[in-house]
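Look at the two complexes coming up: chain A is in both, with chain B in one and chain C in the other.
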Partner chain A sequence: MHIIVCVKQVQDWDIPPSSFKIDEATKVVTPPAGVAPVPSQFDTIGVEAAMRLKDNDPDAKVTIMSMGPEGARDVIKHSLAMGADEGLLLTDPLFEDLDWYQVALVLSAAVKKAEDANLVICGRQAVDWDMGVSGSGIAELLDWPALTICKDVQVSDGTLSVERVLMDGYETVEAALPAVVTVSNELGEPRYPKLQQIMQAAKKQVTVWSAADLGLDASQLGADARKLTLERLYVPVSDVECLIMEGDTPEEKAQNLAKALAEAKLI
Partner chain B sequence: MPLDFELSDEQKLVRTAVKTMLAKYLPRQKEILAQSRAEKRFPEELWQEYANVGLTGCLVPEKYGGNNMGLVALALGFEEVTYSGFSPGLLLVIAMDTACIVRNGTEEQKQRFLPKIADGSWKLCFAVTEPNAGTNTFNIETAAKRDGDSYILNGQKTFISGVDSADYMLVVARTTSLEELKEQGKPKSFGMSLFLVDTKSKGIEMHDIAIPLSEELNQFQLFFDDLQVPADNLVGEEDNGIMAMFNSLNPERILAAAICIGMAESALNKAVAYAGERRVFKDTPIGAYQSIAHPLAEVKIALEAARLMTYKAAWAFDNGHNPLEVGSYANMAKFMAADLAVKAIDHAIETHGGLGFTEEVGLISQWSGARLFKTAPVSREMILNYVAEQNLGLPKSY
Partner chain C sequence: MAHAILVVGEVADGALAPITAEMLGAARRLSDGGTVGCALIGSGVQANAQDAIALGADEVLVVDDAQLADYNTDTYLQAMLAVNEQAAAPIALFGQTDMGRDLAPRLAFRLGTGVIMDTVELAIEGGRLHATRPCYGGNARAVNAVQSDPQIATVRAKSQDPAEADASRQGQTTAVAVAIDSAAVRVKVTDRQGAAAEGVRLEDADIVIAGGRGIGGPEQFDVIEELAGVLGAAIGASRAVCDLDWRPVAEQIGLTGKIVSPTLYIAVAISGASQHTAGCSGAKNIVAINKDPDANIFKTSRFGIVEDFNKVMKPLIEAVKKERGG
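Now for the complex of A and B:
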């Protein structure tokens, strides 16, 4: 089994939101200088899912794939230090400003080029744009089944079995490999890289592929090929109004709360 | 060759690794801190995590079970620990002992101690300070006399951190007394030796010193009464322990600086976040006012400078520079970082106004912890004396 885990480099979500600059005219977000990007939280859970599969099947190969600038190598190294075998950095000036479809196009082209890959794991969504479409997009372009928002991933005799998180519980779904899985935080805490493994990761191979290596060009990755148009980028202004529920008893307060929520059409 | 300020890819990952390791404890942080305060004991679960991630193995060569990432990496780990609001606990004193054993220990001592330090199963502390020898270490009076295959130690130590949790302590004692040195015409820096002492040995009496600051690392006064230490536990040469001691004291100052940098960065980020959101007059965030913004900008400048100085000191240590040279950098880093931490927390409190004093924001409790580092492990005044004498060549005043 060859598992490819997609890991995106994002801005550290612990940074105060006020330190980001948003230019509404150019629709560009500028993070504060000097703060190191981090792997997207759900993608690290994807690495954990892959490592659990490898724990049960030591012959399984886990490749960490990240698309981005040269600096994305850092998030690959982070995942390699969690125990993954190899890294794959997709970097090219053409990859700099892609919409979700183009991202899925690049990632699926890389999976195809990897040839023996038969399981792709992604986080349910990236913590920067929260779109949650890459996994499904890759599956669609590869014509593989997509099993989304999973809390458990198992493989036995070439059959994939996952538990999908639902609003009111979870469901167990099976599929034959190859397939694409997206994982959610319900899967559990990702293991942390140990310093010893960080040193070992330094010796692991990171392959670099460009757009040309993937057989892609500007006609597919340029601005004209975008399928998504960003209409407006702005910081939403939140007006917080605090309403204290009156009532002589907790039950009465709860009834008043229910009424207020119903009037506001929130329930 | 160009000057390179870049951390290596591996060093950059250290903070991320420690941050990920601590993430699962953050939701329970208040509970963990309250429990360790009540029990006056560093949480064993967290200690095992520190060892598991590799913080206890940073200074230990790979052949003895460590990761050998070095003091720069350990300083980065310390930054993240305190940035996240946790304490490094005994990690600082263990690093002092580890550095000393690695650089001055015998092969047998390395094989006996380093694997157990690296995997977290043995904890060590450091005992140098005495009632009559605080800032002037050369005045220590604890005596060690050779007796066959052993040394017999008599004397007392004070402000010894974490000895109640430690399996061994590295004790600095005089194998040649000050009187003997005077007769022999030798300098006070001669005649000191270092010993690895089993804390469960007969002849050690411990008395708790009540210090509210050291919530997770208890302080003790120790009395040695005919304490027998195997001669095999002498670290480095008899009477020539001074340079070996520098190999302990330099990491101590560098890691103290890293602790302060983590605290300062945390306070600054809290202040910046609040200043960007808090509106008092119309719709302008208070961060737009120069009375709020400029002090925080000054903290940012001092933070960058202290961080550079700390990394330089750690880099010099890792690269085996002369301990006296490393000592200069280490002292400068500790001086800058301790002042920075107090200033950062103070300005963060000021930025938060009344909220800065609440338990929820957590700044006021950090202030006392940061203030400690202006005085310990070496006071800022003694650092100024050191720099004036060692780096400027000015006459000694004491």
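Now for the complex of A and C:
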């Protein structure tokens, strides 16, 4: 089994809302100064899912694939330190401003080029744009099944068995490999790399592929080929004023709240 | 019949799902005199066609097949492809539901078109659908447009005003024949476990009381349960709480959980991260109880108490009982 985990590098989401900034004119998010980008949250969970499969099947090979700038090497390194075998960095000026169709085109082309890959793991959604389509897109372009939003991923004898998270419960779904799986946080916490693993990760191989390596060009990846356009990007404003309950004791505050709720006919 | 907009409806427990009524409301508003089609895929869904017409559909395209009793990406995709061809609509709307978030992207990529997920505002500008969606965990809003047809979007629950049902409305019901190709069905659903919800359903509740990580443990939720009992409220939780297994995942409110829009939402020991408030910002009134005066939750709340929740919950329960004359 050769598992490819798709890990996207994103802006750190764990910043105070006040330091979240947008340049409306250029429609881009301005990264907060001094805060390093991180692997997208659900993608680290994808690495964990792959490592659990490798725990049960030491012959399994786990490749971490990231498309992004040269700096995306950092998220590959982090994932390699979790125990993955190899890295694959897809970087090219043509990859800089893609829509989701184009992203899936690039990622699926790389999976094809990797030849023996038979399981692709993605996050349920990248935590920058929160779109949640790339896993299904890669599957469709490869003509593989996709099992989305999973909290448990098992493979035995070439058959994949997952638990998909539903709004009210979960379902067990099976498919034969090759397949794409997307994972959710219910899978559990990702393992934390040990110091020794971090040192080993520095020596692991990271292959770099460009658009040309994947047989793709500007006619497919240019702005004109975008199916989705961004018309506007802004920060929503809230106009709610919060009335903080007065009171010398917790009891008084509680009573004042109950009174305020009753006056507003809310209870 | 070619339509201006196709709404992909859903039936749950024998009735049209609320999101379908909401999307039909939006489609009527957006269609500008054009006709609205509504797809109903499932087993026994023919029975719901008239309800969809009453809510604004001009034609209901029904794929009623015992093999479609439960959602399966591969069988539903085949049904959707047939319906899409027949409806020939330049816009197709799905709910941001278990089905929509799996099927809409799959259909879009199969048709070689774009898809906009989890939208909260819809408008037509220059003949294209412009859809607004929260992104960056709710910190930002993006307005996207799809430049190829069909323009596919999923719609977040409670974001659109549902159409008023008019039982006298006339429309057409068309059965769409689909011979499911079993060779193209590669995934098999072997088991489905529902989370048995006790008491009031979270999505329908008029009052929701939600607890966060600051509650400190599963047992400490007893005061939340007690207040919920007094108010007839449903219980919700932050993701932190569900990740810790203090409460079931089905109670999670937020971006990747449930979207609620009750009249009153009481957030106890919840910091108010944007990904959490994404799920409750539709509430008419938010009340926050948090010991940190700078907690983000106060920024979206109408009333607040800055205090250790352990000290206020019991007196609050008593005071609420008194106000209600109990």
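Note that the second predicted complex is superposed on the first by the 237 of 267 C-alpha atoms of A that agree within 3 Å, B and C clash if a C-alpha of one lies under 4 Å from a C-alpha of the other, contacts with A are read in each partner's own complex, and residues count from 1 in each chain.
What we mean here is this: a residue touches a chain if its C-beta (ideal position, glycine included) is under 8 Å from a C-beta of that chain, and two chains touch if they have at least 3 such contacts.
What you see is a predicted model, and the numbers here were worked out from it, not measured in a lab.
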item	value
Touching partner for A:127 - first (chain B), second (chain C), both, neither	second
Which of chain B and chain C A:261 touches, first, second, both or neither	second
Contacts of A:251 with chain B and chain C, given as first, second, both or neither	second
Most chain A residues touched (candidates chain B, chain C)	C
Touching partner for A:141 - first (chain B), second (chain C), both, neither	second
First (chain B), second (chain C), both or neither touched by A:51	neither
Overlapping contact positions on chain A, where the chain C interface meets the chain B interface	16-17, 189
Chain B-touching residues of chain A, taken from the complex the two chains share	14-19, 36, 38, 44, 73-74, 77-78, 81, 189-190, 192-196, 198-199, 201-202
Contacting residues of chain B [partner chain A, same complex]	9-10, 12-17, 20-21, 23-24, 52-55, 57-58, 67-69, 73, 77, 269, 272-273, 275-277, 285, 287
Sites on chain C touched by chain A in the complex	73-74, 97-98, 101-102, 105-106, 108-110, 112-118, 130, 133-137, 139-148, 186-195, 197, 207, 231, 239, 242-243, 249-250, 255-256, 258, 263-264, 274-275, 285-288, 293, 296, 298-308, 311-313, 315-316, 318-320, 322-324
Chain C partner contacts - residues on chain A that touch it in the complex	11, 13, 16-17, 20, 22, 29, 99-101, 104, 124-125, 127-133, 136-137, 139-141, 145-149, 161, 165-176, 179, 184-186, 189, 226-236, 238, 240-245, 250-251, 253-255, 257-262, 264, 266-267
